[in-house]
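Should a chain be cited, it is by its letter among A, B, C and D, assigned in written order, with residues numbered from 1 in that chain.
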Amino acid sequence: MSHNSFGHLFRVTTFGESHGPAIGCVVDGTPPGLPLAEADLQRDLDRRRPGQSRHTTQRREADQARILSGVFEGRTTGTPIAVLIENTDQRSKDYSEIAAKYRPGHADYTYEAKYGLRDYRGGGRSSARETACRVAAGGIARVVLGPSVIVRAALVQVGADRLTVPRKDWDWDEVGRNPFFCPDAATAERWGDLMDGVRKAGSSVGAVVQVEAEGVPPGWGAPLYGKLDQDICSALMSINAVKGVEIGAGFAAAALSGEDNADEMMPGPDGRPVFTDNHAGGILGGISTGQTVVARMAVKPTSSILNPRRTVDREGHATDIVTKGRHDPCVGIRAVPVAEAMLACVLADHRLRHRAQCGEGAC
Amino acid sequence: MSHNSFGHLFRVTTFGESHGPAIGCVVDGTPPGLPLAEADLQRDLDRRRPGQSRHTTQRREADQARILSGVFEGRTTGTPIAVLIENTDQRSKDYSEIAAKYRPGHADYTYEAKYGLRDYRGGGRSSARETACRVAAGGIARVVLGPSVIVRAALVQVGADRLTVPRKDWDWDEVGRNPFFCPDAATAERWGDLMDGVRKAGSSVGAVVQVEAEGVPPGWGAPLYGKLDQDICSALMSINAVKGVEIGAGFAAAALSGEDNADEMMPGPDGRPVFTDNHAGGILGGISTGQTVVARMAVKPTSSILNPRRTVDREGHATDIVTKGRHDPCVGIRAVPVAEAMLACVLADHRLRHRAQCGEGAC
Amino acid sequence: MSHNSFGHLFRVTTFGESHGPAIGCVVDGTPPGLPLAEADLQRDLDRRRPGQSRHTTQRREADQARILSGVFEGRTTGTPIAVLIENTDQRSKDYSEIAAKYRPGHADYTYEAKYGLRDYRGGGRSSARETACRVAAGGIARVVLGPSVIVRAALVQVGADRLTVPRKDWDWDEVGRNPFFCPDAATAERWGDLMDGVRKAGSSVGAVVQVEAEGVPPGWGAPLYGKLDQDICSALMSINAVKGVEIGAGFAAAALSGEDNADEMMPGPDGRPVFTDNHAGGILGGISTGQTVVARMAVKPTSSILNPRRTVDREGHATDIVTKGRHDPCVGIRAVPVAEAMLACVLADHRLRHRAQCGEGAC
Amino acid sequence: MSHNSFGHLFRVTTFGESHGPAIGCVVDGTPPGLPLAEADLQRDLDRRRPGQSRHTTQRREADQARILSGVFEGRTTGTPIAVLIENTDQRSKDYSEIAAKYRPGHADYTYEAKYGLRDYRGGGRSSARETACRVAAGGIARVVLGPSVIVRAALVQVGADRLTVPRKDWDWDEVGRNPFFCPDAATAERWGDLMDGVRKAGSSVGAVVQVEAEGVPPGWGAPLYGKLDQDICSALMSINAVKGVEIGAGFAAAALSGEDNADEMMPGPDGRPVFTDNHAGGILGGISTGQTVVARMAVKPTSSILNPRRTVDREGHATDIVTKGRHDPCVGIRAVPVAEAMLACVLADHRLRHRAQCGEGAC
C-alpha cells in the first residue's frame, strides 16, 4: 500500500517534516547505466527554492540534494537512489499558538483527528516543504525519460486573472525569466502588481498551473485503472493545496458537442496520424496519442494569512488565530516546478510499464 | 501493479469486453460477516442499465449480477467476491468498418498503437460497458460503509446548460424520478428538450456530475500519496470520457482569496468543530474533516456521432467514418451511478486503511 | 495489497470456494499478441485433475477452463484474461459434523478465529480445489515465457521414501507415464505399493516435489525484496499443505564448506560462464545465473484421514472427528503440476519485471 | 512493485550500498502515538554489529541509527519513519581484482548480467551490510507488536553440527551470553572450537537459524496469497545467503503420517483450543493458530574464503580469485537478529492487515 509512495515501476517514497533534521526520498526502479549527478536534481530544486523573489516566502533553504545510494561512478546502478535534503533554516520560534489551535484551511485539525497527535512545527508532514523531495525525484525521472520527452509547466492564472495569450504564442524562454513562470512578460508584470496588493493586504490568492509533455510516443498508459490521465491527475492532486485537475479541454469539454470535441485524424508524414486539434490533451482511452500531453491544476489560496480568522482550540473552545511567519502569498507559483516533477515521474513510470508489457517498441 | 485493479484494502479487479461472453469483477478485502445479496448490487445496476429513457442507448442488457464466491448463507466470508454479468445483447453486426478505421475521440488508435491489435467489437475493453462492473463493486462498497455513510450523485450540467438551483435547495428524491438524475424537475425538463435536439442532430453533448458522501467521519485519508481527494480524483478520472475532476470549490478556488476560501471553524454540538462553509469539499491535507465530501467530474461528449468525421484507416490513408449503432448521446447521464460507485469504493478502501493504521476509533 | 492475488506485472487473482458454483482467476498484464487458446490451459488442468488413478481423490470434476475475456481471434489483447471453471461434482452431503467441529490439521479453526464464520462445505476457500485456478494461470504463464523456458516438476519423495536415482539419470518421459509424476519407473512402482498400504490404513502421507526451469537467461530477479528465489519460495509456500521450500542445495547447504558450496565458473562456449555445479539452484543474489533454476517443496500429509482424531467443537467441548469423504491420501502427488504452474507464473512475472527495468536485452 | 520494499501496511523500503556514504530505511504505516526512540532500534543493531567476537568479521561499524522523521516528542506520528546509518569503516583498499573478476557464490556475475554494471566495492547492494536496515526496521516492528508478542531466534546448527538439546530445554538467557546465539552453553563451546578450525583453514561454513514468535493471537494471516507462513518464508528467503525455509515440522512433515502430523485439539482454559503438539508451527491454512509461530532458515557458507577458486573475468577468460578482506566465516551467526527482525516486520504487517479487514477484535 504505502501512503507515502507513488508510482509502480518508477517508485518514489518520500519522508520528512518541515522542521525535522532532514527530508528526502528513495527512488526505486530506475534503469541502470543512466548518467546521473546531483546537479540533475539541483536544477529544478533551485527553481522551486524559496526566497527567489518578493512574491515567495522568505524562508531560506539551501535545498542541497545529496545522493546517498544507487549511483556509482556517475551512473545509476539499478538499485534504490536515496536523496537527502537537510533542513537548515528551522528558525526557532514559539509554536505554542499553532500547537493549541487549528488553523483554518490547514491540515491541523484533520491530522489530529486521524492520528491523535501532530508535529505542529511548520505544518510537519503536511508542509509544502515536502515538495522539494518530489522535485528531486522529478530530476531523476527526467533522466529516465531522456531528451526526447520534454516536460514543462507555466502559470496560467493568478487569482481571477487568467493568461489570455493563446497557447501557440507562449514564450517558453520567458517562463524562465519572470518570477511567475509566466509565458508572457506583460502578464507577468500585471501579476506582479496584483501580488504586491495581495501581500500588502496580508491576504493570499490561488492560481492555475498548466503542465505539458512533448515527445510522448503513442501507447503509454493502460486501461482501465492505470490510465495515463488518471495517474497524472492523481499525481497532481497529491500536491499540497491542489483542488482540481483536468486533461486537455477538461471541464470545458462538457459544453462541447461531439463534433467540436473529438479531434479528427489525418495522415501524418511519418505514418502516424496527425490530429486536427488536441481537445484530448494527448490521451484517448487512458493511452497517449503521440500529441502533447496537457494537464492543468487549480491551486487554492494559501491558508496562512495575516488577517485573524475564527477557529477552535484543541479543547474545542472558540478562538481566533493569525498565522504569522514566512509564507507564500500564492503557493501556486512555486508549484510550477512541482507539477513538472510529478508529470515527469508519472511518465517515467508509464514508460517502464509500457516496456514491461509491450516490449521495447515505442519506448 | 495491475492495470485493471483499484483500491488497496478494498480491492476491485474488473475484466471483460463489450462483446465478449461476460464481464465481471473480483472484490477482495471485504470484511467478513456482512449481509450481502445480489439485490444489493442490482439496485444500482438497474439505475445504470441502458434503455431506460429515450435519452440513453437502446442497447438492451439485463445486467443481471451473479455472485460466484465469497458469500455464504447470506454473509460475506472475507474471501474474494466474484461477480459475473453476462453480455446478452451482442447484436450481430458488421464490424468491418470500425475494424479498419480509427474512430475520432475513441481509443481505437491508441489501443492499436499500444498493443498492436484490438478487440474492435463495440470498443472492446474501452467500452463503457465495463462500468457495470464498477457499479456492482460499488454495491459491495456501500455494504462495507454501512448506513451511516450516504453516497449519492446528481447531474449538474448538460452541455453548456448548468443547474442553477443552489445546493441547499436540491431535491434528492427528484434525482430518482427524472431520466437525468437531476435534483430539480424544471431543469430536467429543460435538459430533455436540449437532448431531443442533440439526438435529432445526430450529435452528442458533455455533462458534469457532482458526487457527494455524507457521514464520513474525520480522519479518513492519508498523506501524502494516499490522500482521500487524490484517490477520489483518480477513481473518477478512471471512468470513461471523464476529462476533469475537482474537490469542493475546485477550479473556482484559484480565484478566491485566502479569507474567502479557508473555511473557519466553530465549536460544534458533539465536540467536533463546525465549519462555516465547505470550500474544502470535506477534505484538508488529504484527510476527511467530517463535512460532506464533494467532488465533481466533467464528462466529454460521446465521440460516437452520426455525422461523418475525417480519420485515417489502419493503413494510414485518409478516409471518413460515421459511427452508427446504439449510443448514448450524453454518456454523462449514465455516469451518475458510476460516479457514486467509484466514490463508495474509495471510501470503503479508506475506511479499512484508516482502521489498519489507527484502530477502530473513528470508523 | 490483496490477499488473493500474486505477481506484480504478471498478476493473478483467484476466487472461488470448493462447493460454490464456480472457481476462477483473472490474469492481468499479459503481453498482447500471444496465441492463446483454452487448450493451453487444459493440458495441465487435465494433469492435475482428480480421479486419474487410484492414488488420488475420486471426486470427479471436468475442470473445463473457459476464457471469458482478454483473447480475441486467438490472440491475447493485453487486457485481463478471466478464466472460469465450474464446480460440477458438488456431491450433496451432510456437512453438519464438519460445520460443528474443527478438523485437526485443517484451516477450520483458524478461518473461524479470523473471520467469525466459514464456508464449511469441503473446506471452502481453503480447499486445494483452488489450485485448479493456479494451473490455469500457469498455462498462460507458459505462453508468456515461450518455448525457450521449460518448466517441469517431479515427485522426489513419498512419505519417508526418497527417490535415489541421481538427477542426471532422471527420465522426464517417465514422469508423464506413471501416476506419481516420478522420473523413475521402479520407484513409481514402489510408491504405488506404499500408497496402497496408506490408503488401506485410512491414513495419509507427505511428499516432496522438485520443480525446475531450464532456459532462464541470466539477469531475472532483483535485489533485495524482489529476489527470484524469494518469490519462488513465496509462490510455492502459498500452495496448500506446503511446509518447507528450498533452492538448489537448500538445507543441505548449511553443512557444506564455502569451497564445496560456491559453484566455480569457467569460460563457456557462448561467452557466458559455465558453472562447475549448481548448488545455487540457478540463482545468486536473488538473480538468475543462466543455469537451471531448481526448487523443492515439502508437502505435509493430508489431514483428512479415516482414523478418529481428538478435537473441539465450536462451543469448545472436547469431541472426536473422522473426516469421511473423497480425499487424496497424498496431496503431494497432484501438487506437482501446481508447483510447475507457480514457478511458471513467478518467472513470467520476473521476465516482465526485468524487461521493464533493463530493457529487451536478456529477455 | 518495488524491488526494495517489503510488507504492505507495515512497509519497509531500504537503500544503500556497502561502501556508499550511508544506508538506511523508510518505514511507512506505523500506527501513531507509539513511544519510539533510537534506543529501540539500537538494541538489536548492537546484537548484529560486526566485531563482537572472534567468530565474526573484524570490520568496525558503529551502526548508529539516526531517526530523521516520523517521531515527534518521543512518539510516532503516523508519518514515515526514516532511519539513517552512516558507513564509517569503508577501509580504503584496492578493488581492482574484484572489479575485474566474478567471485564464485557471490552476486558479482548476476548483477552485471542484469544491470550491465555493478558497484563492486564490498559487494555494493548485495552486501549483508544492508541487513542493518532490516534490524532497524525490526526494532520499530517490535514496538508495533507491543510486549505481548515476543520474537526471538537462536542458532540451531553450525556446519553439520546440529543442536541436540530438545526445544523445551532451551535456555533463552544463554542465547544472549555466547557469541553464537545458542540456547545451550556446551553446544556453543563446541561450535567455538569448530569455528576456530574453519577460520584457520581459511574456509567457511553454513548454519541453520530457528526463529519464533510467542503471543501471536489466532487469526493473523490470510488466504491465499497473503498467508502468514508464505510471507514469513518470503521475508526469511530475502536475507542474504538463505537457501531454505520451513515452518513447524517443515521438510520432516513429508515423512510423517496424517495421524502424526496433524496436531489434535483439546479444550483450553481460556476458551481457545489447546493443541497436542505444534507440527503446524503455529499456522494452519495460512492463518495463525495462537500457538508459537516457528520457522527455520538455512544459511549457506560464506562465499568469501581465503582459498583460491576458479572463475572468469569480465572479458570471459579463465582465472583464479582469492577473496581477501574482513569476512564472517559463518554468516549464519549474525543472521540471527536479522531473522528476528524479519519475523517481527511480517507480524507487524499482518497485525495491521488483520485489523483492517476484521477489526480490532483479536489484535
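We adopt the following convention: contacts are C-beta pairs under 8 Å (C-beta built on N, C-alpha and C of every residue); 3 or more make two chains touch, one makes a residue touch a chain.
On a predicted model such as this, the values are computed, not experimentally measured, just so you know.
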Pair sharing more residue contacts (C-beta pairs) when B-D is set against A-B: A-B
Of all other chains, the one whose Cα centre sits farthest from subunit A: C
Gap in Å, rounded to a whole number, between the CA centres of subunit C and subunit B: 39
Whole-Å separation of chain centres (CA-atom averages), subunit B against subunit D: 45
Interchain centroid distance [CA atoms averaged], subunit A/subunit B, Å: 26
Junction residues of subunit D, two or more chains touched: 1-5, 8-9, 14, 29, 32, 78-79, 114-116, 125, 223, 353, 358
Overall pattern in which the protein chains touch one another (line/ring/star/complete/other): complete
Subunit B - residues contacting subunit C, complex: 1-5, 8-9, 11, 13-17, 20-24, 26, 28-29, 32-33, 66, 68-70, 72, 75, 77-82, 84, 114-119, 124-125
Of all residues in subunit B, those that touch subunit D in their complex: 1, 9, 29-32, 78-79, 223, 352-353, 355-360
Partner subunit A, residues of subunit B touching it in the complex: 1-6, 8-9, 14, 102, 104-107, 109-111, 113-116, 125-126, 130, 157, 159-160, 198, 203-208, 218-227, 229-231, 233-234, 237-238, 240, 243-267, 271, 273, 276, 279-281, 283-290, 298-305, 307, 309-312, 316-318, 332, 353-354, 358, 362
